[in-house]
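These notes open a run of structures that come right after.
You will see chain A twice below: alongside chain B first, and alongside chain C after that.
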Partner chain A sequence: MSRVVFDHVTKSFGDVVAVADLSLEVHDKEFLVLLGPSGCGKSTALRLVAGLEDPAEGNIIIGDRIVNNVEAKNRNVAMVFQNYALFPHMSVYDNMAFGLRMRRIPRRERDQKVLDAARMLGLQDLLRRRPGELSGGQRQRVALGRAIVRNPSVFLMDEPLSNLDAKLRVQTRRELVKLHRQLETTVIFVTHDQVEAMTMGARIAIIHEGALQQVGDPQEVYQHPANLFVASFIGSPAMNFFHSELRLHDDQLMAHSSGGRFPLSEEQARALAVLKEGKVIVGVRPEHILPDWEAEEGPEAGLDVVVDTVESMGHEQHVTFSAGDTTVVARLDAARSLQEGERLRLRIDRAHMHFFDPDSGQRIERE
Partner chain B sequence: MDATDAAANQRLPLIAVARRLPQRLRGINRLGFALIFLIPSLVIFGAFVFYPLLKAVYLGFYETDPFGNQGDFVALDQYRTVLTSESFRHSLWITFLFALYTVPPGILLGLALALLANQKLPGISIFRIMFSSTVATSVAVASLMWLTLLNPSVGLLNYFLVEAGQPRIDWLNDLDWALPAVSATTVWLNLGLAFIVILAGLQAIPEELYESARVEGASDLSVFWHVTLPLLSPTLFFVSVVGTILAFQSFGQIHILTRGGPLDATTVIVYSIWQDAFQRFDYGVASVQAVALFLLVLGLTVIQIRFLERRVFYQ
Partner chain C sequence: MDLPTARQGVERYRRWAGYALRYAVLLVVAGIVVFPIYMTVVNSLLSSTSIIAWPPELFPFDPQWDNFRKALDEVPLMRYMLNSLIMAGVIVIGQLVTSALAAYAFAFLRFPGRTFLFILFLSTLMVPWEVSIVPNFQTIQRLDWLDSYQALTVPFLATGLGTFLLRQHFLTIPQELRDAAAIDGYGHIRFLIFVVLPLSRAVLAALAVFGFLQAWNQYLWPLLVTNEENMRTVQIGLAALRGREVDTFNITMAATVISALPILIMLVLFQRQLVRGLTAGALKG
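And now, the complex of A and B:
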């Protein structure tokens, strides 16, 4: 059993609250991704598990044991640091064997374990080199190797891919997922890169300003973001938000924003009845915005917009429109080219609208 | 350069050479320029290092008459007699003991203080300043201070001895204690420098290395042994080389504290040189010892570089 539990954990540095009342359970053998912008407290959360920081409040539980007062060396966790933190004066072999030596594993067994791990990671030929003589990708694998030889109960990884180039990163991402399947250990993987999080995580925990925003699988956090922060943080280009007012037109509830108006379904109207002030933030992802090439004027209204900029990605284009004083980004297929300054009308798929309470920022979900 | 010029170059090579002349001059100019910058240090080194060194070698070939004037040319005879003399062997031995008493303890103490001062504690910078303060203390001041501490009747050390029910010791006049006492003063005097250099070396070790060692299961002692010490090795090597040279050149504290006594118990080579040159006015004998000291320090430094440095890990 090697689950990891944060039980109302708080940690601050002076006035800065790095981790605020974090409660989160990482299941046994799970690959959990901690995702959040720079400075949100991801590393601090990880270091709390490693025993490199002490929580001010709350408990850290590994397995069934509260480890608040257990020293780092006795927690049987392994950590891969952002800059790998390899010992520069030791060979690759000695780096990987270090933890085993510290635990007084006999030499023969140690050699065997290091060789196995090296083979797994393709490091056999580099064992005698020093970290200074390795490429970034190789160092990263040595850091991983150092972690896996000890067969720890929990793996902690702090943005281990951030120093790799784009191609190597994609490749290593897959290798890590494969490795996790082989090792069957609990992994907590920290990243600020949402693509990394979406592609690797069985579950993603999104953190902002030290506080947990949402935990869920990639589909869940993408399709049902719990609040404005998650909605804006996940997805690229980011979700469009329309600050709107709810008004009735001939028994039809409409959300009016400065860019246009959206008719709402009865079901949506029922869900939005919880709002007292009649104000709502409507969120729409760029892929759910479509140009209405055969637009007709009418109550089935959309957004009247002007094309601002067009960024071509080859297979698709990201188009920025201005509608009144709001900016709207859409992901369109590249088939039809758009000119800057062109006027057109955008349609929005009603089923893909997200609603947020402007006061609390929380999602308003249809029952 | 236009087309007609190029044609002229081809026909008259001399003109081409003449045209390149300013470039040549610029080359010479640059050398001159470099020399201007080098001259101050060349003059200083020349006047105070190279010339005296050559002069010492030269003086070693001549005897000195009782009035301090240059006497007969004796080639290597003087070198042979001085270097095989009982008194030179004695001062050589004293010098080695002095280095042994000052360098290793100095490094160990400097390391210990630097490790203490490298902790992240409130107010630690006060201790850092205190520990490094001896670099700002002159040899004379330090010697006078220790002269008081070591004073047989009013010194603090003897006060403690008496409190502990032990007999007093006349530190600086005791045949067995004079050298250790002078050495202690020297360790204290050089401690600031060792401390500063070692602390700087410690602070250059990245925090994550300690952290990853701890996560890997290393105890504090193992972290020190496997991480701190290897990464500090270039610094310790530097301190040991510089410390050795400093030890071999120590003069002021010996002059003030013991004047080489009692019975030459603290007469290191430098002190013996000084006595021969400026009390006996035997410049020949002094010069021979000076040359020997120079070669000794050079040899020791080369040995340290050859053997110690192999164990040093440079980042």
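And now, the complex of A and C:
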């Protein structure tokens, strides 16, 4: 059993609250991604599990044991650091054997373990080299190897891919997922890159300013963001937001914003009844905005807009429009070319609208 | 076809001229540095008549190797050297140990009063040694340590400069290395021994050589705290030789050459580390 539990954990440095009342359970053998912008406390959360920092409040639980007062070396966790933290004066072999030496593991067994890990990672020919004589990707694998040989019950990885070039990152991402399947251990993987999080994580925990925002699988956090922060952080280009007012027009509830107005379904209207002030933030992902020529018939919202900029991606284009004093980004098919300054009407599929309470920032769910 | 080769010729000539000029300057400077040392060696090989000759002889055409034997006979030079060696050795080891430990605390540990203590350490650099010589002497006297190795070494076992230099170097060692070692079960002392010190070899070597030179060349303090012949250090022995007639100057020079040998040997041995210690910020990526 190597689940990891944060139980109302708080940690601050002076005035900075790095981790704020974090409660989160990482299941046994799960690959969990901690995702959040720079400085949100991801590394601190990992270091709390590793025993490199002590929580000010709350408990860290590994397995069934509260480990608050257990020293780092006795927690049976291994950590892969962002800059790999390899010892520059030691060979690859010595780097990988570093943790084993301290554990009084007999020499032959140690050699065997290092060799096994090296083979698994394709490092067997590099064991004599110093870290300075390796490429970035190789160093990254040595850092992984050092963690693997320890046979830890929990792997902690702090942005281990951020120093690799784009191509190698994609490749290593896949290898890591495969490795996790092979090793069958709990992994907590920290990243600020949402693409990395979406592609690797069985579950993603999104953190902002030290506080947990949402936990869920990639689909869930994408399709049902729990609040404005998650909605804006996940997805690229980011979700469009319309600060709107709810008004009735001939029995039809509409959300009015400076950019346009959206008719709402009865179901949506019922959900929005919880809003006392009649104000709502409507969120729409760029792929759910369609120019008029593609929209099907139906009770869809309309926006009158002017084309601002067009970024071509090859297979699609990201178009920025201005609608009133708001800007709207849409992901459109590359087939039809748009000119700057061109006027057109956009439609929004009402089934794909997200609603948020402007005061609390929380999602308002239908039903 | 002609033009490029002509230009290449000019280029090559220019580069060659540049080298020549550079080496000429280096030669002149090297000459200035080496000349006094050369003259010491020459004088140590002259006879007592030629050493007072005018103009001075610039080459020992009739080398008097006997001078060295005389120097060793006249004063217990070997005993002096042994004393100096013990003194300098103990001081160097003591300084390395104390500065490494103190620098580690300043660089890797968080404790209340750290900044204040560090500034206190630094402030000892501003106080010239001569200021503390009298109280130090009184302490040694009261401990009844006169004419002992403790007297020669204990006041120098810690150094603010060494602590400062090592701390600066330790700060270039990423905190992540400490964290990685801690997770793997390495305590502070083991981390210091297995990671920090090996990564600081160049600085440690520079510090050792610097400390050794300083200890070896000490004069005033050994003079104050030793009276017995067999506790004297080499610099005092040389000074005693110097205070005599002019025509034994060659013997003094021979003794000087002998006493400089350990330092010469050490410099040759440590040359590589020294240069690295002075130039490199030893860590990268």
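One rule holds in what follows: the second predicted complex is superposed on the first by the 359 of 367 C-alpha atoms of A that agree within 3 Å, B and C clash if a C-alpha of one lies under 4 Å from a C-alpha of the other, contacts with A are read in each partner's own complex, and residues count from 1 in each chain.
The working rule: a residue touches a chain if its C-beta (ideal position, glycine included) is under 8 Å from a C-beta of that chain, and two chains touch if they have at least 3 such contacts.
What you are looking at is a predicted structure, and each value in this text was computed from that prediction instead of being measured.
K.L.:
Quick check on the superposition: with chain A as the shared anchor, is it clash or fit for chain B versus chain C?
P.N.:
clash
K.L.:
Thinking of the overlay built on chain A, is A:M79 touched by chain B (first), by chain C (second), by both, or by neither?
P.N.:
A:M79 contacts both chain B and chain C.
K.L.:
A:F98 contacts which: chain B (first), chain C (second), both, neither?
P.N.:
In the superposed model, A:F98 contacts both chain B and chain C.
K.L.:
For A:A50, is the partner it touches chain B (first), chain C (second), both, or none of the two (neither)?
P.N.:
Both partners, chain B and chain C.
K.L.:
Check whether A:R181 is in contact with chain B, with chain C, with both or with neither, and answer first, second, both or neither.
P.N.:
neither
K.L.:
Which holds for A:R350: it touches chain B only (first), chain C only (second), both, or neither?
P.N.:
neither
K.L.:
Please report the chain A residues shared by its interface with chain B and its interface with chain C.
P.N.:
In chain A, positions 50-52, 72-73, 77-79, 81, 83, 85, 87-89, 98-99, 102-103, 132, 146, 150 sit in both the chain B and chain C interfaces.
K.L.:
Using the touch definition up top, name the residues of chain C that touch chain A in the complex.
P.N.:
174, 176-177, 179-186, 190, 195, 198-199, 283-285
K.L.:
Please name which positions on chain A make contact with chain B in the complex.
P.N.:
50-52, 71-75, 77-79, 81, 83, 85-89, 98-99, 102-103, 132, 146, 150
K.L.:
So in the complex, which bits of chain B are touching chain A?
P.N.:
206, 208-209, 211-219, 222, 226-227, 230-231, 313, 315
K.L.:
Which bits of chain A are touching chain C when the two form their complex?
P.N.:
Touch residues, chain A against chain C: 47, 50-52, 72-73, 77-79, 81-83, 85, 87-89, 98-99, 102-103, 131-132, 146, 150.
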